[in-house]
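Structures given as structure tokens follow.
Both of the next two complexes hold chain A, though its partner changes from chain B to chain C.
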Partner chain A sequence: MKSNALTGLREGAMRLDSSRSLLIRLLMLAVLVLVPPMVIGSYRALDNFKRGLGPEMDLKAAAIARDLVAQLERAVGFGIPVDKLVGVDEFFAQVLSANPEIRYLGITDAKGDILFLRGALSEQLNDAYRGRSGRALDDSGLKANIADFVDLALPVHVRDVPVAQVHVGFDQDYVAAQLFGIFYDIAVVLVVSLIIAFEVLLFVVVFNVSGPMKLVAEVVAHARRGDFTRVPGITSADEVGHFVRIFNSAMRQVDGAYRGLMAYIDEVRSGHFDREVAGQVSEIADRVRFLFRFHPSGAPLVLREKLSSDVRLPLFLFIFAEELSRAFMPLYAQALPSPAGWLLTPELLIALPIAVFMAGIAVGSLWAGAVTERLGSRKVFQFGLAPAVLGCVMSGLAHGVIELSLWRGIAGLGYALVTVACQSYISKTTVDSNRATGLGSYVGAVLTAAICGTVAGGVLAERIGFGPTFFVSTALILVSGWLLSHLLAVVDHGAPVAAPVPSGRPLLRIFANWRFTVLVLFAAIPAKMALTGYFFFLVPLTLWNSDHSLAELARIMVLYPLVMLAVSSQSTRLADQMGWRIGQVALGGLIGGAGILSMLAFDGTLPLVIGIVCLGVSHGMSASPQLAAIPDICWIECNRHGRTQVLALLRTLERVGSVIGPLLAAAFLLHWGVKGAVIGLGAVVLAMAAIFAMVAGAYGSGPHLETEEDVP
Partner chain B sequence: MIMRRLLLGAVLSAVLVPAALVPAPAWAESPARSPAKPYRIYMALWRGWEDAAQGFKDYFTNQNIPVELIIRDAGQDRAKLPEFVAEAKQLGVDLVFTWGTTVTVDMLGTYDKVDPAKHITDIPAVFAIVSQPVGAKVVPDLASSGRNIAGTSYLVPMDTQVNLLQSYRPVRKLGMVYNPLEKNSLVAADELRELGRKNGYELAVAPVDVVDGKPVVESIARKVRDLKQDGVDFLYIPPDTFLNVNRDVLTGAALAEKMPSFAAAENPVLSSKAMFGGVYRYYTVGQLTAYKAEQILVHKKAPADLPIDPPRRLSIIINMPVVRALEFYPPMGLLSLAEVVDNGAEVRQ
Partner chain C sequence: MSWSLARKVSAALIAILVCTMMVTALFGFFKFQDVMSELVRSRYSFVAFTIKQKVEDSLNLGFALRQLRQVQETIELEKARDEQVQGIEIFDAKGEILFNSDRGRIGASVPENWLLPLSAASLQPFAVLDEDSNVVGLPLVNNLGKVEGAVVLLYPTGYVERELGPMLWRLAGEIAGLVGVFSLLTVMVASVALGAVRQRLHVMEHALLLASGGEAPLADTAAVDEFDGHFGEFVAKTREAVEHIKASTDEVERLDRLA
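And then the complex of A and B:
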């Protein structure tokens, strides 16, 4: 039974909804409607851009070259020999740093020998320059392709005698690289808008069409078995509502006919003297009652089934809003004024907002679980909305890092309350059979929102700045709050189930289960450390330091949720087929740690891309097997306290890693610089994963459910 | 003493500040006055008509402010200065312009010793080319003179000079020949030594010989030779009157020793053989001084409300014939910012 439910959960996670084919058709329609105009529009824009950019580059190179020639002619005119010019390198460096599209600047003498060159290697250019020595240049100069460069040469004259040439070089594929960046941006915007369109469609279809139909189908199925106790309670004014009203009147007619019949039978029974007739009538009545069931209250019960997928869109919007600041949070902290010295080093202060946010989530979710049981998801949700909005809007207004951290902590509290309320809503509105679909919808919303939010946040922050992006987040949270409170208001939350609140002490005995403890310490915690310390903190800082724009930064960072989404669906299937959950967790940990450590082998942006992809693979590979393994390795505890409790404990414990991650990274940053911090954190994560991998070998050995006999 | 000065300041500002706060409406008065009656300015000069005086005069021409200039040259004779004071008072001019430290101190007095009988007190005054306005006690503070005078400073701050020098070439040992009788030079030497500690160079000084209380011109060349033998790679020329007079001897000796030189004043570079300098041009200083005069005369500002400051724009002057003779070329970045003196001729060593 339990394993069936688990398999169901995993299969269900893959299945969006039973109305999938309709959705796919709608999505294709959306693609057809959205994509062609955008592609045509952007193609035209790019074409213009391409035609404009080439000549623009030539003009700029020529302007820079003319300016350099003028300065050189002045210097040489004063009697300074060309080969004895001083400080040319620094002089060129200034020009190059002000004009990033220019790759190199150089001076050759009349024979074509390189005297000064900055930005390229002489070997790359020597042959080409010597090859054309002796050719006199006119004042418009000579444009030539040398290897990957476009080289513009202008002559330097002194008293009409050419003494040297100035060379300005730019990348041949600079234009292509620019175009690629723009293409990429357009593609990202396109994908994000498609995903959002899909989310909205999904919501509209499920809320208005497939949800009500499902409810009707359920009632019809009951009716086929003779159960006429319920009618679907749909009150919308559209065709669906119309249909349901007609259907309901038919149901009520049957209900009325039944009650009429019963009244008649009662009349016959009480009024007839013939016992035999009375007995026969009673028998008929019993048969009817046996075959058909009607609600005892005198009218059919109105059924308003809550659908777990209702919360998907508001949840998507909420997570989307929270993820907007993902790519730039450490940069925002860096840009804010911070109190210097004391115990708080600048590095630690940059990490603080992330760490406090995580701590806020940890504290919030510890508390939210218990509160939700008592108050119901709607109240907790409304309660959580206040800190979420407050934290978000004040983050945008913060004047210092300490203040920002405080607001981030409050936002984290709100985040935890809202997400826990949504989760509990989903598990309340679902039964075992469709809980998997519900949770699948939750995970799907969170991951797609992470993808869209990260990218959109980067683009937004670049256009409107850090602070205003938080205000956009706030607006989105408010929209999501409005939607959610509206939806949750439609259905009353029913009698709050007085769930047994387990006392913490017996649950803590779970640590005696070494398999659980090792899983928490060496798999769950390092995974979160890598996520918050590396991905949330060090990656944005490193990319920013190497002169990437915010949009580029977000583009690189979006690889993580993308890869994770792709890998997790495959790996779940794999885990089910192979039954290799612990192995996947171990392998995932090793891949993540090794990916981060690729910083040792490469320079530039490449190791970060490798690290992010590996982290996506790692978490996609190990996240759900890690949860799925819990019922196996904590069989007794799950039986005793309930699986939810054990999973909640794991969730809470791994958040310790979320808090430690950025703080540890900041400590490394202080001592070893950015690169050293990445390597240090990678080493810690890899070492912990290696310990887990070694111990994991022992998981399968020994009696698998070693203390089963102890179950009382 | 300090109390008295504070008290004086307080009294003065009590008198002057209301006047500054309620300026006479310039549009009402000046156009009515300009065609009929030009401002009368008494210019007391020390060594003839030069660039600062020219800049002062040109400013009024360019700004279209009518002025009548009464020009008097002391010809470096201090005895003439009391006559100037008497004449200015008798003419009842609107403003007095004083050139140089000696003229300024003798005609305007120092802030702690003003005698209305010997000095000009009632007529507002502006001064120019005073190397140490505070050191010479012309003003107590560069923010305000605290009395009826305003003015400009013209020396480049020492750390700016050192940065400029280092941007030509990093220097390891800086040499300085100076007149030990001039306090300015002693102050400069102290500042240079202090900055050397931060900027990584060593200062070697060579005071010229003094016989019968007078500096000996003949000793200059020998002092330069001594410095060269001491391993000095750059010569610093302080704003020293004795060396200014004998600048050809000093810079000639430096060139003979193949030693590049940096001057803190413009004359050694512009009209002699110093290699380069960072200065505020006298002409610009004269213009800025005229601007202060305009504030007082036209805009009716109180002189005590005008700070004593140098021009914004630093002039980097490079003496190209000397550069070519030394084959010690300036970096491109510096050259692009510099004014170049180049008569096309080659200098003889």
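And then the complex of A and C:
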């Protein structure tokens, strides 16, 4: 039995201090649990809906057939033979165009020969009609399945003698085709559910299993060398919590035995009359202390670890909530009453909520970092929730565009505070060796939330409307806030540090570094202009004007985060391997601008799809290399002010582009229309990217130290 | 109630499953309702259209709308054909009801909002909502292009729910059953999927309990990963510490007794 105690560990190859293997198992479980009921449920629903709609289709066909019969009987009653009627084809064409669910209309004579038919080929129906000739029809007619059609035949009588039959047909699959649109929505719901399941399971696994077990592994790593100074501070009531309690009781047993021994030794040393014995027990104490280490405070130190993944799920929910309105914001602004004037043109007013939201983020980002340093992530997150919730709920209740813009600005402020608080938390819970993983977790949460939010927002808004979608967002933000407050309360947060507020003036000297200035003006700002002006503003308007539904619009727009997610991981690796960061930024800019300009070459939805995909490639290629290039470009400034400050400045400056983008696009829209605005903005972005590409060759490689000579 | 890992995972997945199925069912219902309502509306629009044609044929012969006595029979016949039709009425451009399937309403006025579509530049079919009724209507235009009035057909709101309620409830029951079955499956499979975790923790607990009693085996060098290796060493070190401290305590005791 005892010999099997540890060898039993080998039986399951699953690592407990790593989330990967357990997560894979649970994801398989999620697929098993979510996909089959959705498929079965959808199939059953379609079957029931088809049966439910069938009688209504019959009633519609009967109504049309009755009218045709009445008109025919009137004409034939005047003495016109059925086969000599004129204008029947044109009349059928009118009826068919007004009733799209009807596939064909026809008239046969008493023998079943087709006299008039529109909407189907005679060969498809001839045999069936002739086959049932001679069968007497009552006034309710005869319904039959012929080829792919459902045919309803009604008799035409003249003085109670049947002279002809009117046929009304519809596709057997018409109902299924009508309902098919819902399958895109169901697919969207399923994909979003699977992504949410992934995020939730990742959270459950990390928070309950791999996180605590990592802490246990840390304690074990010390204790196996005789260091019994710490114990893991896990208090959960699950199996891991039970294990940790036994683990800690083993640790405390050793600690207790040690403390008992030391107390005994102290007693003997101080109380024993024989100094030689006192010396011998001191030697024993020294030997035990040499072999094993125990915490000097009198009890083992309780370890509580903060993990960067603690904030992933709340952050995911928060971004998901904010992204719900991504696909329809300009359409919502367009639908609201607006006090248009000579300055506030309707186009500008549509762009205003996006621009103000971005301005809110820019303003919030300016001081969110410093506030987080002072108050701590949890407080800033909670503080940021207030404007985020207020902005979101009031956006849903807004009565005008100006009001909506105001609330979007407040929501932007909250967005900045919350995201900066999360970034700061991740930064503080990681060290250099795992910081990339932590920030990768942040970027992963943001991008997956963007995918889910964009696509789900479109579907949701189409079903429940713009305003209620904001209320769904509000509920998600509240859940996110509750989760984060709870999670960050669990971990020991430590005293907030009063960080020195950096003075702005010396940092502004960074503009003397031409590489930084050119990067900001011709790479970072145009990238954001393209994002907000083209993707956030012009794309929804253009797609909406092309008669796409909200759900379709969202499904097209989701290409951007999808492509970006796919490209960014590869481009980061490429940038690290080849060190070609500035080149990637330049190439990315050119691809983005050229993609937008595809509107020059194509019509319809295709150029927008090309533009969105190219923008995803562009930003996927250039976003990370842009940030990664900063330490080399601004080597002096990073050393002087800190890399974080320089990066924060870059992020703030690029938001100028976020604000300008929709306003510039609106100005173009006013003068040149939607297509002209897309081309105009694309030209601006491409021109700026071309300038950057031309200058990129002069950047060189490695840290740039020459600016040091310019600095007094 | 203690929340085991399997319960936590099951609860999370069941919550997601319930939300997913609810959202899907709602979307499905809304879509079905849209298609069904559109079909019903188009059928009744067609019925109204046939009446409109008959009335306009007479108008084109030079009769005044008020004089078309045979229209009353036509609308009564159409009403009798479909028990779902609540009423059919024809009113003039001022809103006075000239013909109505309910003869008692003749002479009354239609609501103001029914007249708005008649003043629109494009004389399209219109649909309005009136308390408990859906209204579809078509303007009546003479051959000079003058709007003489309109024909409207009223049918009940909630038609879809009333006609197809039992079917929808049956479907809701099926979906609830599916959720129930897959929830049960979730609990069982989660328990199996997390069995390996439970087993490993149990083995480690057992090793720790043995170590506390001084019985644990020495470190197993053939452990599968770093954690296992470290844990084996930890158990051995714990046992060594317990034994060493015990031996030291015995020795101190022995020295203490030396008097």
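Note that the second predicted complex is superposed on the first by the 501 of 712 C-alpha atoms of A that agree within 3 Å, B and C clash if a C-alpha of one lies under 4 Å from a C-alpha of the other, contacts with A are read in each partner's own complex, and residues count from 1 in each chain.
The criterion applied here is as follows: a contact is a pair of C-beta atoms (placed from the backbone, for glycine too) under 8 Å apart; a residue touches a chain by one contact, two chains touch by 3 or more.
Being a predicted model, the structure only gives us computed values, none of them experimental.
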Touching partner for A:G52 - first (chain B), second (chain C), both, neither: second
Chain C versus chain B, contacts on chain A by residue: C
Touched partner set for A:A75, first chain B, second chain C, both or neither: first
Which superposed partner A:G465 touches (first chain B, second chain C, both, neither): neither
Partner chain(s) touched by A:H242 [first = chain B, second = chain C, both, neither]: second
Partner chain in contact with A:S42 - chain B first, chain C second, else both or neither: second
First (chain B), second (chain C), both or neither touched by A:I64: second
Contacts of A:K84 with chain B and chain C, given as first, second, both or neither: first
Set of chain A residues, in rising order, touched by both chain B and chain C: none
Contact set on chain A toward chain C in their complex: 2-3, 5-17, 22, 25-26, 28-30, 32-34, 36-38, 40-42, 44-45, 48-49, 51-53, 56-57, 59-60, 63-64, 67, 70, 98-99, 101, 175, 178-179, 181-182, 185-186, 189-190, 193, 196-197, 200-201, 204, 208-209, 213, 217, 220-221, 223-226, 228, 236-240, 242-243, 246-247, 249-251, 253-254, 257-258, 260-261, 264-265, 268, 272-274, 277, 280-281, 284, 287-288, 291-292, 459, 463
Touch list for chain A against partner chain B, complex: 71, 74-75, 78-80, 84-88, 90-91, 94
Chain C residues within the chain A interface of the complex: 2-5, 8-9, 12-13, 16-17, 19-21, 23-28, 30-32, 35-36, 39-40, 42-43, 46-47, 49-50, 82, 164, 167-168, 170-171, 174-175, 178-179, 181-182, 185-186, 189-190, 193-194, 196-201, 203-212, 215-217, 219-220, 222-225, 227-228, 230-238, 241-242, 244-246, 248-249, 251-253, 255-256, 258-259
List of chain B residues in touch with chain A within their complex: 320, 323-324, 327, 329-336, 340, 342
